[in-house]
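There are two complexes below, and they share chain A, which is joined by chain B in the first and by chain C in the second.
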Partner chain A sequence: MIQLDDITKRYGSKVILNGVTEKIETGEFFVILGPSGAGKSTLLKVFAGIEKLDKGKIIVDGKDITNLPPEKRNVAMVFQNYALYPNMSVYDNIAFPLKVRRLSKNKIDEKVRNVAKLLGISDILNMNVTKISGGQQQRVAIARAIVREPSFYLLDEPLSNLDARVRFVARGELKRIQKELNGTFIYVTHDQKEAMSLADRVAVLHNGNFEQVGKPMDLYEFPKTRWIGEFIGDFPMNFLPGKELGLEEGIEIGFRPEWIKEGGELKGTVESVEVLGENVYAFCTVKDYRITILVRKTVDVGDEITFGVTKFRKFRDGKLLE
Partner chain B sequence: MKKTSFLLILPTAIFGAILLYIVFYNVAISFTNWSLLHPIPSFSGISSYANVIHSFYFPTSLIHSLELSGSAVIFGNILGIGIAGLLYFLSSNKARTFFLSIIILPLAISMAVNALIWLWLYNYNLGVNWLFLRLGLPYVPWLTSTSMMMPSIIIIAIWAYTGLPALFYLASFLGIDKSIIEAARLDGASSFKILRKILIPNSANGFIVSTALLFLFTFRIFSIPYILSGGPTNIFMQTLVVFSYYLFTTEFFAQASALSTIIILIATAIVIPYALYGIKRWIKK
Partner chain C sequence: MNKIKYIIPIILALYFVFPLYIIVLIAFSPAKYTIETLYQPLIFKGFTLNNLIFAFTQYDFIGPFFKSLAVATLVGVLAVIIGIPAGYGLSRLPDRVAYPALVLLLITNMVPGLIVAIPISAEFIRLGLFDSIPGLAFVQELITLPLATFILRGTFSAVPREVEYQAKIDGASSLKYFMDILIPVASAGIAAAFLISWMFSWDEFTYAIILSPIHPTLPIEIYVNITRGNLLAAVAFALVFTLPVIVLTLFLQKYLRGEYLTGGVKA
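Showing the complex of A and B:
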């Protein structure tokens, strides 16, 4: 188990991390999601020990590692650009952490070949890492992380440099590897689809803190704040003042594009349309509010549309009620 | 587009033309017999070259030049890597800039001044020996023993030029993606291991540039052997360039030109393939 206790990090007067506190279970796939510049990578570097903390503690399995240097933490990291050693072959890249630990040649060979088999890169072991494809480089980076059996893994957007098709496959692979190893994965991304499909739990990093930590579906269904409602989902959550639905003053209602039925008390004008397969999303204005709804029929720009809200969450001052 | 590119190469083309004119003029003289004895030069084939090469001084000064440049290349690279490694692992950028400027300072001083400073430092009773006496070490006959004369010059050349490889290696090291170094740290590698296994193997460009420049700069070095030897006639410190100057002062103009041509050919033969290879690598990146 990893405990984060009041993690604070400043660059000059700029506060990047502002008292992050959380517990991450052993064997958990924990995704840190946030927009660019939210401090995700900084947080990961704090885990790794590359960045020093201004305040707070990191405790792994009861042991305080806050002031340990990176090489003493037994943490493995997969970097966004993979950070492979360009002067070495695939084999030497994977063997490097073991060689540094002065394992015997036979032991190293055995471990490297096992890991290569797990990741399906046995046939490129003798190639130079600069001569292989992006997908293969990513596997080598993961293999190098796995081979020394670290206490936990840090992954910094490892899929973002792959093209769309390969990324989709790699995502599934990553989840399979995590399950096979039963490893604790701390995974940073700005891609919410990736977060939703990989995570056991997602932590949304905003303003230097975890604004919400929860199961992917909970984040979608019960966003703790208006900001999260707008951040999570293919389309932001819709917000309307409560009095439009006859609720008391000061309450806002939030609803997803698909939480509606056609025909009802609300009327909007279609501003633009996005078609995703069978689904048609209509962007409308309802009394100066911008609303996105999912409709089943074809609509055109300029059409009048009536709908009712079937499911909604109540917010006060941008925070979820109940 | 053609017009502007023509304008851009114009200055280089003019300087190149002047330089080539001088070089070829020098080559032309080397094929004559111009000297004190033949005030009116006439064509004499390769006789000047033959005379220079068969002279007693040519092999010794060639060996001295190669000793000097070879040592500068070897020790310059080793020290450059060491210093760049130390500077790279400094955590403070300010400290790095400070130490780097100290190390490249000798480059900013005129070589003639360097030579004069070291003439004092090599004094038998003052300078380095004064320090050695305090440390209980024996006196070293820096400039008074023939076997110590070339090593003394080599030490100055290394001292003066080590800033150059240090600078290029540091630039190469800093050019390596920072996350690669972080990855190696996380893999458990010490700073020394990172230097040996990652920084040095990925600094081929630094090696190429350092080696080429160290060789060139020390091969053409004149002031240091000239000033330390007290004149071009001291054959124990005579390098090819000093020998060429000696031939010139004694008015063997054609032979001096022939020797200059030989020096240019040696330098070109060693440096040009190196430079081409280096540029090719750099562009490929």
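Showing the complex of A and C:
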């Protein structure tokens, strides 16, 4: 179990992390999600020991590692650009953490070959890492991370440099590997789709703190704040003043594009349309508010649509009620 | 247009190779066709090794040659040994700090050599470094070390910071990271820094003539022979003088592409 206690990090007068506190269970796939510049990578570097903390503690399995240098922490990391050692072959890259730990040659060989088999890179072991494809480089980086048994794994957007199709496959594979190893994965991404499909729990980093931590579906269904509602989901959550639906003053309602039925008390004008397979999303203006809804029929720009909200959450001052 | 593309480089190449050709011509032709005639032909009319044999047997060539070799090698080695930590440090500083530091380093290159050499020679006599190999190497380092540092900083800057983090996370000490990863990755830049320092020292003149006049280096020896009228000896020495440069350049040419300034590292 990893305990984060009041993690605080400043760059000059700029506060990047403002007292992050959370517990991450052993064997959990924990995704840290946030827009770029939110401090996700800084948080990961804090875990790794590359960045020093201004305040706070990191406790792993009861042991305080806050002031340990990276080489003494026994963590593994996969960087966004993979950070492979360009002067070494695939084999030597994977073997490097073991060589540093002075394992015997036979033991190293056995481990490297096992990991290579797990990741399907046995046939490129002797190639130089600069001569293999991006997808293969990503596997080598993961292989190097899992070849030893670290107390936890840190992954910094490892899939973002892959093209869409490869990324989809790699995502599934990553989840499989995590389950197979039963490892604690801390995964950073700005891609909420990735977060939703990989995570046991997602933590949304905003303004230097975890604004909400929860299961992916909970984040979608019950966003704690208006900001999260807009950030999570393919399309932001829609917000309307409560009085549009006859609710009391000061309350906002939030609803997802698919939480509506056609025909109802609200009327909007279609501004633009996005077709995703069978689903048609219409971007409308209702009074002065911009609303995205899911419609089953084809609509044209300029059409008038009436719809009713079937399910909604209530917000006051940008925070979820109840 | 297409033809011009070839013609201009060929003209330029001829222009640069021509002096070398003249040296070869004089070195291997009997003197009666070259320095002893008024209208010298531009083609070989005869072939002889006598000029070279004469030059190398009558004059002290070995001494200056090895002095030059020792000084140049020392300059190259020192530039790399000091330039690596300096370049690494600068590569890890923010640009707004690193650039002024680099400019400051390069200022020594703007000061005329004579102005530096004369006060230094007085100091060197006191220190016992005058006319010595290390003494001359230290002074030439004034020019080459900033250049080497500049090249190496570029090389190290091209190695992503994450590679260093990764090595640390993988459990490597700073020394292990340096020896196993950074130095091998930066080998092209290191070779370039060495070569440039070595070649600068090899034909450096101003410092050499002021700081090492008694046991001169090869460029000084050639100069002395020319001024004394020993043209044949000068030509023979000049020929031998260019050979190591050609050999070294061919040997290290794969590192000598413009990209060494930005590192030439692909990660």
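Just so we're on the same page, the second predicted complex is superposed on the first by the 322 of 322 C-alpha atoms of A that agree within 3 Å, B and C clash if a C-alpha of one lies under 4 Å from a C-alpha of the other, contacts with A are read in each partner's own complex, and residues count from 1 in each chain.
The working rule: a residue touches a chain if its C-beta (ideal position, glycine included) is under 8 Å from a C-beta of that chain, and two chains touch if they have at least 3 such contacts.
It should be emphasised that the depicted structure is a prediction, and the values quoted were computed from it without experimental measurement.
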* To do: Answer with clash or fit: chain B and chain C placed together on chain A by superposition.
  => clash
* Asked: Is A:130 contacted by the first partner chain B, the second partner chain C, both or neither?
  -> second
* Quick one: classify A:11 as touching chain B (first), chain C (second), both or neither. => neither
* To do: Identify the partner contact of A:96: answer first if only chain B is touched, second if only chain C is, both if each is, neither if none is.
  => both
* Asked: Which parts of chain A are in contact with chain B and also with chain C?
  -> 45, 48-50, 69-71, 73, 75-77, 79-81, 83-87, 96-97, 100-101, 144
* Asked: In their complex, what parts of chain B are in touch with chain A?
  -> 177, 179-180, 182-190, 193, 197-198, 201-202
* In their complex, what parts of chain A are in touch with chain C? -> 45, 48-50, 69-71, 73, 75-77, 79-81, 83-88, 96-97, 100-101, 130, 144
* Asked: Can you list the residues on chain C that touch chain A in the complex?
  -> 160, 162-163, 165-173, 176, 180-181, 184-185, 187, 265-267
* Structure fact -> In their shared complex, chain B is touched by residues of chain A numbered 45, 48-50, 69-71, 73, 75-77, 79-81, 83-87, 96-97, 100-101, 144, 148
